[in-house]
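Input: structures, listed below.
Two complexes come next, and they have one chain in common, chain A, joined by chain B in the first and chain C in the second.
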Partner chain A sequence: MKVWLALALILVGALALAVCAGHEWATPFDLVRAVAGDADIRSRLLVEWRMPRVLAAAFVGLLLGLGGAVFQGVFRNPLAEPYLLGSAGGAALGATIALLVPVGVPQSLLLPLLAFAGAWGATVFVIAVSRVAGAVDAAGMLLAGVAVAAMLGALRSFLMLALSDDTISLQVVLSWVLGGVQTPTWAVLGLLAIISGACFGLTMRLAGGLDVLGLGESMATGFGLEVKRFVAWAVLAGSVVVAAAVAFGGLVAFVGLAAPHIARWFVGPMHRPLLPASALVGACIVTIADAIARAALPPAEIPLGLITAVAGGPFFILLLAHRLRT
Partner chain B sequence: MQTSCGMVILTAACALSLSSITAEPITVRDAFDRAVTLPASPQRIVTIFASNTEMVAALGLADRIVGIEAYTRYPPEILDRPLVGGRLGFSVDAVVKLRPDLVVVTPARQAAHQLVDPMQRLGIPTIVLMQRSVSEVLANIRLLGRVAGVSDRGEQLARSLETRLASTMQRLKGRTPPRVVMITGRLGNGLLLVTRPGTYTGDAIELAGGRFALGGRGVIAQVSPEAIMSADPDVLLYAGSPADRDELIKRPGWSEMRAVTAKRAYAVSRVELLIPGPRTIDGIEHLAALLHPMASEQ
Partner chain C sequence: MTVLSADGLFLRRGGANLLAGISLSLGPNGSVAVVGPNGAGKSMLLKVLAGLLPPTTGQVRIGDQDLLRLSGADRARQIGYLPQYFEPHWDLTIADLVRLGAERAGSVTKTALEEIMARFELATLQGRRWSTLSGGERARVLLAMVLAVDPPALLADEPAASLDIRHRIDVVRSLVRRGTDRLCVVVMHDLDLAFRFFERIVVMDRGYIVAAGHAQDIFDDVCLDAAFGVKFERLKAGRYSLLRPACL
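For the complex of A and B:
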């Protein structure tokens, strides 16, 4: 219980800090005044622009934390991360099309839709490819993921070269790919909250199966788990979660990898507590990283994915070193 | 004899300094086809990008500019204004801090992407300007004049620029346009950025009496040096310093090109041809003189 209270408090602290953070730091007093309905433009900036963004960042982190925990559980590999099965490449391709091809649909709608479709479609494609190739085990799926990601990456690069010009800049695409939370309207934020809740419910249903699977495939079969079916389901569920995160936050590196590990320090390896803990940790990480992204280098904004990668890279190396030694 | 742009600004500003400042609400449609309404003539303008800053300044409104971005270098009197963005993007916070009553932005880099939506939500009038042709640049000057409540000045400035364009075109009448390639940048992998048709710079080349040696409308902006060599243009333009041009044309293969042997590889001004503002007309006049040296002596 103490652990949950601590995690919740850390998240609340991170959210408060993030709302204050920006090129123009707000004081807690400014915040109270803004929430009370002050009409000054700076107060309205806090309410209309910064708060939705901070909350969106938290939801994106939550989804990445969930997705990461599911993928590490399914592949029984602590180095698994949610973008492994092509979702990153697919989402980036979808976003590139939305940003560069004039379709006549508002970009604010098209971008998340195509990013989601790309992420989810790429994962389904990877699973299909690995089935056709007869490589239905985890390693086969991962390899199919690498191949598909390479193809999608090449396609995206070509589109970027061919379609960008003075008015539609490469930088818009690049900055999306490097990760960045789009500030939603309050209505869209509500939608994101509902999606996040649904994703949480969906992944919690996998918790029992993931625990059994963790004992090894033969043991899991012995416990009555249809391993192949469960793995396919879990991967699809995990990619819905990741696709939702990608649609709202772009590609945010390493959070899905790191959050479950940090959560395990708090709550151990069982998935029923691990999933919510990983979600909370993910939310804290992205909230703080997004605050740094906005505040560190005024008047510019550093792409969020760069912050998480710079902080997450060393974490990954430590993890690898630790794994190789044991 | 060419009228310099500075003189035009000065004349426009002097002649119309007493023109009335409207207090009526102004509604215009911008390049994104958004209806933008200003309650009154704006007094605190944030201009994103050099082109927009130059146009507002050319309307004699430099003193109303309260914020610019990091790569704006002209006119000198606005260089002390606070920066609201640069290479890494644009800051909503920094713009709001300046409490502008108008933001002028162009969808280049990430500016429109990052600023239009938040400004709309916060109720700060924001107009988006595009410049796909020289006539669109002139239309932008008129639009900015109307938005800023100085339509007469906008009209006068645009008209004087049009007169200069017309007289340039008059001089070039009946001349054979040389085949031109304009290089605007070099990429690390050896590819070169070239000006394409359907852009204001491409338009400027054609107005100055040139035609494209390379490709049609669909051509990609990055081309290989080989493509330029095989196109073998009559005139090679390099938007940059003469030293950089020399460095390029001394490379193997380049020295045999028609334009290089005929000493028609020119370095041209980046600010005149790559910033879509009033100075673009200066650029067209200078370019016309390079492409048709005989015509400009008449």
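For the complex of A and C:
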């Protein structure tokens, strides 16, 4: 119980700090006044602009934390990353098409939709490839994912070269690929909250199976788990979660890797407590990283993905070194 | 009454018959040791009997039901499978591991879990993590995980192979004891322990069952020598029987 209280308090603290942080810092007093309904323009900006963005960042982090815990559970590998299976490559391809091909649909709607479709499509393709190759297991899907991700990356680069012109800047595409949360309307934020809740419910249904799968495939089958079917469903569910995160936050690296690790320090490796803990940790990380993105070099904004990569890269190397030593 | 039966089991991989027409009938109780040289198909037979591998042709029945038609959960309640090698990917506590074993029969209350831990003398280990256990403790935990739901049939693939002799005997004894009112089928490499403790012996060679019957009958059967490619000397002293390769 103390652990959950600590995690919740850390998240509340991170949210408050992130709302205060920005080009112009607000004090906690400003924050209280704004929430109480103060009509001053600074207060309105805090409520109408900064709070939705901070909450959106928290939801994106929550989704990445959930996705990371699911993928590490499915592949039984603490170094697994949600983007391994090509879902990020698919999402990036979808977003590139949305940004570069004018189709007469508002980009704010088209981009998340195509990013989502791309992520899902790439994952389904990976499962199909591993099935055709006769290796519908974790290792087979991982290898298929690496191959599909490479192909999608090449296709995206080609589209960027072929379709960009003077009117459509590559910088727009690049800034999305580098990750970043846009300020949503309250309606879009509500949609993101609903999606996050649904993803949380979906992944929690996998918790028991992920625990049994962690005993190894023979033991899991002996304990009644239909391993191949479960792995395929869990990968699909994990990809849905990651696709939702990518659709609203671009490619934010390493959060899906780091959040489950940090959560394991708090609650251990069983997935029923791990999934919500990883979601909370992911929310904290992206909330703080987004605050740094906004406040570090005003008035410019650093891409969120750069911050998480700069912090996450060394974390990954430390993990790898620790794993190799042990 | 039969608990577990196999009819015409073939398992083909890469053009080779790993199981070549196995038929047998086991249960409802008794301790059965499956012996044979490396590559005889013992582990494959156990996996097919446990429903972990579907046979290429043939059928396994548990009671009067086709094993492959049962849901995974139903199968897991009726057959316990103890693998040759077990290493969980996450360093779980003993209480968590035993709970996972028990939950395949439905949710488990804290009291029920404590009863299982007490039954397998694991109460003092419940907060420990798997990585901190000795080989003997791990064998006890593994048994508790698999037997937590008390399945009518237990299939064990050399569960004591990596243990020292005292712990190996402890594990074999507990498996054989279970055979008094349940079916217990164990793949064994140690022929002396197999003939010393088990009621029935099944001898396999190159995917076939070459002999099956009571331990005393199989002990004198020369098919044992042919299967292992070794001439055995049969040494008997009272109720103890030992097989010694004649070349030693």
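What we mean here is this: the second predicted complex is superposed on the first by the 326 of 326 C-alpha atoms of A that agree within 3 Å, B and C clash if a C-alpha of one lies under 4 Å from a C-alpha of the other, contacts with A are read in each partner's own complex, and residues count from 1 in each chain.
In the analysis below, contacts are C-beta pairs under 8 Å (C-beta built on N, C-alpha and C of every residue); 3 or more make two chains touch, one makes a residue touch a chain.
Only a predicted model underlies this, so the values are computations on that prediction, with no experimental measurement involved.
Participant: Looking only at chain A, is it chain B or chain C that touches more of its residues?
Facilitator: B
Participant: State whether A:G268 touches chain B only (first), chain C only (second), both chains, or neither.
Facilitator: In the superposition, A:G268 touches chain C alone.
Participant: Which of the two partners, first being chain B and second being chain C, lies in contact with A:S218: first, second, both, or neither?
Facilitator: After superposition on chain A, A:S218 lies in contact with chain C alone.
Participant: One more residue to check, A:A162. First (chain B), second (chain C), both or neither?
Facilitator: After superposition on chain A, A:A162 lies in contact with chain B alone.
Participant: Taking the two structures together, which residues of chain A meet both chain B and chain C?
Facilitator: Correct list for chain A: none, the interfaces share no residue.
Participant: Any idea which chain A residues touch chain C in the complex?
Facilitator: 76-77, 208, 211-212, 214-216, 218-219, 221-226, 268-270
Participant: Under the stated contact criterion, what part of chain C meets chain A in this complex?
Facilitator: Touch residues, chain C against chain A: 47, 50-52, 71-77, 79-81, 83, 86-93, 96-97, 100-101, 103-104, 146.
Participant: Quick check: in the complex, which residue numbers of chain B touch chain A?
Facilitator: Within the complex, chain B contacts chain A at residues 83-94, 96-97, 99, 106-110, 113-114, 117-118, 121-124, 130, 132, 196, 199, 220-222.
Participant: Which positions of chain A touch chain B when the two form their complex?
Facilitator: Per the stated touch rule, the residues are 22-24, 41-42, 44-45, 48-49, 108, 161-162, 164-169, 171-172, 175, 183, 185, 294, 297-302.
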